[in-house]
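One structure is given below, encoded as structure tokens.
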Amino acid sequence: MKSFRFLFAAILVLAMIISGCTSGSETKDKPSGSPAVKETAPASQTAANTNAPGDGAKEAPILAEQVKAGTLPPLAERLPKQADIMVEPTVEEIGQYGGDLRIPWTGSGDKWKVGQPTEEALFRFKKDGSGVEPNVAKSYEVNADSTEFIIHLREGIKWSDGVPFTADDVIFYWEHMLKKETFGKKVYDAYYSIDPATGEKALAEITKVDDYTFKVVHKYPSVQFLERVAIDNKWFFAPAHFQKTILPEFVGEEKALEIAKKWGFEDLKSFGQATGYYYWIYPQIPTLRPWVAKNDPESDQFIMERNPYYWKTDLEGNQLPYIDRIVATKVQDPSQQVLGTLSGDFNLNWFGAKDFTVLKENEKKGDYRVIQWLTTDWAPNGVSVQLNQTTEDPDMRGLFQDIRFRQALSVGADRGEIVEIVTNGISDPVQASVAEGLIGYQDGWKDQWAEYDPAKANQLLDEIGLTKRGKDNFRQFANGKDVVIDFIESSTDTGPFLELIKKYYEALGIKVNVKVVDKATQDEMKYANQIPASSESLAAVNVSLRPDALVPLRVLTPWYGMYGLYTQSGGKEGVKPEGDVAKILEYWDKIKASKTSDEINKWANEIYKLHMKNQWVIGYASPTPALITASNNIRNVPDYLVWADEFRSLGHGHPAQFFIKS
Amino acid sequence: MARSKNPNGIQGNVTMKIIPGLRKNRVQDVRSAAKQDVEYSSQWKLIYKRFKKHKLARISMIVLGLLYFGAIFAQFIAPYSLESYDSKYVNAPPMTIRFVDADGKFHIQPFVYGLKSARDPETMRKIFQSDPEVRYKLQLFVKAEPYKFLGLFKTDIHLFGVEQPGRLFMFGTDSMGRDLFSRIILGSQISLSIPLVGVGISFVLGILIGGVSGYFGGWLDSFIQRIIEIIRSFPTIPLWMALSAAIPPRIPVVTMYFYIVIILALIGWTDLARVVRGKFFSLKNEDYVLAAKISGVSDSKIIVRHLLPGFLSYLIVATTLAIPAMILGETTMSFLGLGIRSPATSWGVLLQEAQKIENVSLYPWKLIPLGSVIVAVMAFNFMGDGLRDAADPYKR
Amino acid sequence: MTQAATRSDKPLLSVKDLKIQIQVDGGVMKAVDGVDFEIRKGRTLGLVGESGCGKSLTSRAIMAINPKECETSGQIEYVSTEGKPNQSVDLLSLNPRGKEIRAIRGRKISMIFQEPMTAFSPMYSIGNQIMEAVLIHRTKNKKEARAITLDMLSKVGISDQEKRFEQFPHEFSGGMRQRAMISMALSCNPELLIADEPTTALDVTIQAQVLELMKSLQQEFGMAILLVTHDLGIIAEMCDEVAVMYLGKIVEQGTVKEIFSNPKHPYTRGLMRSMPRLGGNKSERLESIEGSVPLPVNMPPMCGFYDRCPERIEGVCNKRSVPNTEISDGHTVRCFLYTDREEGE
Amino acid sequence: MLSYIVKRIVLVIPVVFFISIVVFYIIQLPPGDYVSNYSAQMMKMGDVMTDADKAEMRSALGLDRPVYEQYAIWMKKIFTKGDFGFSFNYNKPVTEVIKQYMGLTLVVSLVSMFFQYLVAIPVGIYTAVKQYSIGDYVFSGISFLGMATPHFLLAIILMFLSYTWFGDPLLGLFSQEYVNAPWSWDKVQDLAKHMVIPVIIIGLAGTADMIRVMRGQMLDELNKPYVLTARAKGLSEGKILLKYPTRAAMNPIVSTLGWSLTNIFTGSTITAIVLNLQIQGPVMFNALLGQDMYLAGTWLLFMALLTVLGTLISDILLAWLDPKIRTEFRGT
């Protein structure tokens, strides 16, 4: 475990530094005014200096047959023009065609399980996580103060139905879908820039330059525009030729409704959302993905087949993906995921760390390997304690906001025992913190308040003034009220951890109640501010890119409770942030208004520092890895990367390059 | 009136329960009959007599007796408490209690070896080895964690155990290093008490309402039937979800579970009620019932004395069959956070915990609780059988 | 039928030393202990005794329909008048579940039970259950069987048979049920009819009718009857011979005239005294013989009636088992009063 | 009798209607609605929904309306268009969803039901006739085992054994290659193979109590005098057993058939979930958990109808099987 983490950390750190420098340098040496070509797709570079793909490009046997049969144009016509083909560097080796990826999913509700691995964003995160690189886009140029982005697309790239993909698809998406909110999402923050002075938001302007180029103009600097697009919006385009046939704007309300009904939908909104946002599970809709839906996602087995027009090749010019199909079989019970993996029913799957031992124990027998990716959690999910800083009860709120109280709770529990029992010894007994090697890492953070010291804890609690003891020797407030922490949980999985926490906290004289409710109820309770404490954990790749967990911008993460509602409602509702929480918001505004990535990194770091200082989230174990189980004959699965939603989880490993070795 | 049921006229009402030709019983009855004239009590007497003859039933009774004894003195019998987590002994396999040590020496006092544990660095699985160097003798009445004996006075004496720092895991430990044996014993306190309350309630309700419905018939019957239909088509899951949200966190799970069992019972009586009703329908115009009616016996009396005995056997079977369902009932609740939740423990919880593939494949001893459930259920049912056969009016 | 009686001196059924034992916790219970009697063609033998004396077991033993628990020994010789004359079968030797006995049951020997209430299954129509017997023994043809059944029903005085045929037991009154039962028993005109307390469950008036019916039917069919009852009145009315049973033994046996004119055994006398007057309260009956029947379990060799006997002889009756003495032709009694003691040993 | 049945059938309508109200009310009783469920689910996959998104969705699905309105609309559609509404989860009309799963549901439950009766009744008779024989104890033991073991655990164990012995845990009703394949002999065989475990589990538990009941009934009947009468008629033991006691003992089992009508569809939900059987039970279970109102509502309505009809059927059977009641009805 450990060794792996260090090695990996090293790599990442390296990556950061490099990217840091470059970005630094960029901003300096540049004749202001005329935009200079700054970064072109590493892909196309490699494309240039590899023995020209396209000619002699090879394709999957099934496709070759179709070509022979004349039902499919030859490969050369399907791929983008040579220079624009995206060539993926080899991971382990050049692959072989054929085979299925057999994965379990819980049904169409589980869209992202097939969505993330097949996702093709305009810009995607580099494997080292240091920043984004062109993907669907070929390259981009940006001006000095990051207000004007010119993005080049790949010429000759085609939708999975063979229709060419051009800038029009981007503009269409922007004009007729995003801005019209046809799929139940507001225009993403990424497309707004903020006035450093007033902080008011300005929507970007996006215009077509030519068929393969478009321009994004921000009113104010938006240094992280591309990264934020990659996270907020991921893709940035839609098949205009298809959408025109279903969008009310084009076919008219009642016709659209009629179509929706034909698809089995009741109303246009859900239809719009399904076709405009969750499009990849509908076989009717063309995409740019390596695999495209082939049957009804509601059937017991959902199948995605290779996209004959996929626009990436390997170094030898073999069209990707290697694997013919993704076969997602519906499962209902978690144990089936494990059992199915052991028995090889599923040759690719991913798990949380709690199944580590059973998976490892059966590695040989099941002829698969368990690949461990680092997660961006601050602590394993359900092995940390978030205290709602704005909890209803004034007395408890007072305590929760008292840093000494949090420290007491932190040192009051034996992390050694917790990691042994709860994480089965996989984790280290450390504080909730940013793992080494990730953005926001702080020295000494993971050891802050980490050693078990009940005496100290009691002393702190006494200092706070909780000296009064009630029946069963529980601490009381001066007013005679018991000090009680109520945990509201949405699953029983966190049971063991909370049992231990209860034991330790009550040993300190602090009563603990645990209540389990269903997810929806918990969701409701969040808004009603009825969740005093939760064992939810935090995860964030980079606060500046996705602040939800660390910055109270809305009702989402338990620790900041109603502070979020305050910012969200522009001060109408919720609780006004004070002290360090207010500072965090301050820094956040600074980040949004920053002109350079340095600035951003600086403020981001400040936010992390505040979190380190306050430890609103008390962690009791180091994050556990995400586990990917792949049959031994599935190759090209990267050995260690960061498993993060921002990086699209498994998608970060470029499944298009996976292949089944015979 | 009794004559109509009476096989051979003479001897009053006594011999009616015995088919002619079964002289043994009959003669006994002839004797006992001299003393009492109330047919009813004599029937119970008979049932009792016959029950004593049912070997398996007697054994089952003893088994149940033991189980309940264990439940009552659980804290005393269990070597460890429910909160005795121990990170050193996570998922430890059952220990063998030995008399002969490594070098073949026999010890009169049983003992267990100490456990050496290590983690497999690859799979992180805890591997345990008993090391023959350290031997811990099994002792009676050892001092260990304190508890309240029968909730009365504090003590720290446990029936048996090994001296510190030794540990005794007869059935191994669970994923939190708790002794499974102790958990089973302590779990029986809930599993052997609360479910029976539920069964009892639905049993009474079933007979009462079903009886009334079937006996009086008419609009009352059809009204009750409609009610039953409505109750039966009650969607419980959302009900539970609502409940789990409504209950304040301060309510301890066990209390909560108790209420839930009662609610379950309030819903669950319908099946029995229907059968009872059906039976009453057919029995209520038996001559002897009519006779009783004519001779002005009160309805309640008729129901209790003439109708119920008529299918006592069925009721017994039905009830004993209902028990396992109730014991396991809570397991289906727990995912809504309503069932019993560790550290509070019941057999249902233990089975729930055992459910993971991980346990079935790596730590099979976690299935031991299943054994205890099966034993209990069998005991209940065989005892029910005994009662049934005893209650059978035409018993050989 | 008188000629039939004379045609063969061999009795239709002769029971020899019939013993029935039942294992009980106490030990072995001698429910029936060496019973002998004969039934001649067309005649009626009454088997009388208070309940629990073993008469029902005896009668069932003939049909071999006692429960397994009854270990039965002795001989029950049955001489069929059909087929080869005078060729006899030992009913006890037959497999109680086997073909032969079943061919005899209900066909040649049939039975009326005392409990018309439960003797019919409530599930099937009376007609169905009667016809069943016919279908087993007489004809496979349903139409025919039905005709026979209806005819039988009319014979036992059930009017409106067509309707009755379809009706269920619970729609019949007790008397009607018993009539139906009789018609079922006679549907295959048997040679021997065993009537176990046929009228006990019936009201006195109905009793009379039913008995009347049985008599007349006997005239018509000429079958012999073994009438098991506790009611001497019925015996007097119906029987030619009578055997008085007490505690598994026949204590006195003879023609009705003989027994009634001069009963010998104290028990018989007791019974005589307790003869029911019509409408008399039945529960009085046994008061006249004080004490109750002992359990015949591991009884020492002694007279079973000893402790209840008004004329008991200390040191004799309770010391040895009582031998059978023939007083006059065909009149036997089992009592020390009529034995010269030395003989006894 | 007929008039009675008619009376009852007339009663069905108001009862079911009333139930529909109760049901609908209860479904939305728990806090939160489909949308909050959905957002919670999406959140887990990193797809965060803002309040705006949720409000949007609610209004789209008409969940922002008050309950009685939703109910009224639902009912109106049912009566006017025979449209039972729309399943949010499946983005399909409710009826579609139900149709999709009906086939296999019937297969599974009918097969296991058939299995139950096939096993339970003979065994019940046997254990009664051979009371206290070894066989009696063995069968009783097994049936208790079936009762005492919770389905979910038994399912897991069997799946695991099947995996360790045959290398195939027999997940679901089909092997992967057959799930979408058109029906063929191989597919049928594959289905048969996968039916083994469910049938054992569902069957075992079901048979257990049926055996007990049958045994109890038989013991009651076996010693009734009419058996003796039948024997005296010269009827063979086998015939006696079948015609008299068995027929009588069957009554409660047969007459309760109607009541268990609903089990055909929901009986084995837990088992189905653990064994990953794609049948109604789990679908409805999730609909209830996820507050997929119309799907759940329609389903429960359907169940209610079955319950009510089931009762009717049972009552009729009861009457029809028991001459006493039958004649009583003839009277009235």
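The letters A, B, C and D name the chains in turn, as written, and every chain counts its residues from 1.
In this section, a residue touches a chain if its C-beta (ideal position, glycine included) is under 8 Å from a C-beta of that chain, and two chains touch if they have at least 3 such contacts.
Values in this document were obtained by computation on a predicted structure and should not be read as measured data.
Novice: Report which interface contains more C-beta contacts, comparing A-B against C-D.
Specialist: Counting C-beta pairs in contact for A-B and C-D gives the edge to A-B.
Novice: Would you identify the chain whose C-alpha centroid lies closest to the centroid of all protein C-alpha atoms displayed?
Specialist: Central chain is D.
Novice: With chain centres defined as C-alpha means, what is the inter-centre distance between chain A and chain B in Å?
Specialist: 50
Novice: Cα centroid separation between chain B and chain C, in whole Å?
Specialist: Spacing between the chain centres: roughly 51 Å.
Novice: Starting from the mean Cα coordinates of chain C and chain D, work out the distance between those two points in Å.
Specialist: 55
Novice: Could you please state the distance in Å, as a whole number, between where the Cα atoms of chain B are centred and where those of chain D are centred?
Specialist: Each chain's C-alpha centroid was found; their separation is 26 Å.
Novice: By residue number and range, which residues of chain D touch two or more other chains?
Specialist: 30-31, 156, 160, 224-225, 228, 289, 291, 322, 324
Novice: Give the residues of chain B that touch two or more other chains, as numbers and ranges in rising order.
Specialist: 241, 245, 285, 355-357, 361, 396
Novice: Mind pulling the residue numbers of chain A that touch at least two other chains?
Specialist: 335, 339, 342, 518, 521
Novice: Spell out the residues on chain A that touch chain B in their complex, using ranges where they run on.
Specialist: By the definition above, chain A touches chain B via 1, 335, 338-339, 342, 355-358, 360-363, 416-417, 420-421, 424-426, 484, 486-489, 492, 495-496, 499-500, 503, 513-518, 521.
Novice: How about chain D: which of its residues touch chain B in the complex?
Specialist: 8, 11, 15, 18-19, 22-23, 26-31, 131, 137, 140-141, 144-145, 147-150, 152-153, 156-157, 160, 208-209, 212-213, 215-217, 219-220, 222-225, 228, 252, 255-256, 259, 262, 270, 285, 288-289, 291, 296, 300, 303-304, 307-308, 311, 314-315, 318-319, 322, 324-325, 328
Novice: Sort out for me which residues of chain A touch chain D in the complex.
Specialist: Per the touch definition, chain A meets chain D at residues 102, 108-113, 184-186, 263-270, 273-274, 295, 298-301, 303, 327, 329-333, 335-336, 339-340, 342-343, 345, 490, 518-525, 527, 548, 554-556, 568, 645-646.
Novice: For chain C, which residues are in contact with chain D within the complex?
Specialist: Residue list for chain C touching chain D: 63, 65, 97, 102-107, 110-111, 113, 115, 118-125, 129, 132-133, 136-137, 168, 170-171, 181, 184.
Novice: Hey, which residues of chain D end up touching chain A in the complex?
Specialist: By the definition above, chain D touches chain A via 30-33, 36-41, 43, 45-48, 50-53, 56-57, 59-61, 86, 88-93, 96-97, 100, 156, 159-160, 163, 167-169, 171-172, 174, 176, 179-180, 272-274, 276, 278, 282, 289-291.
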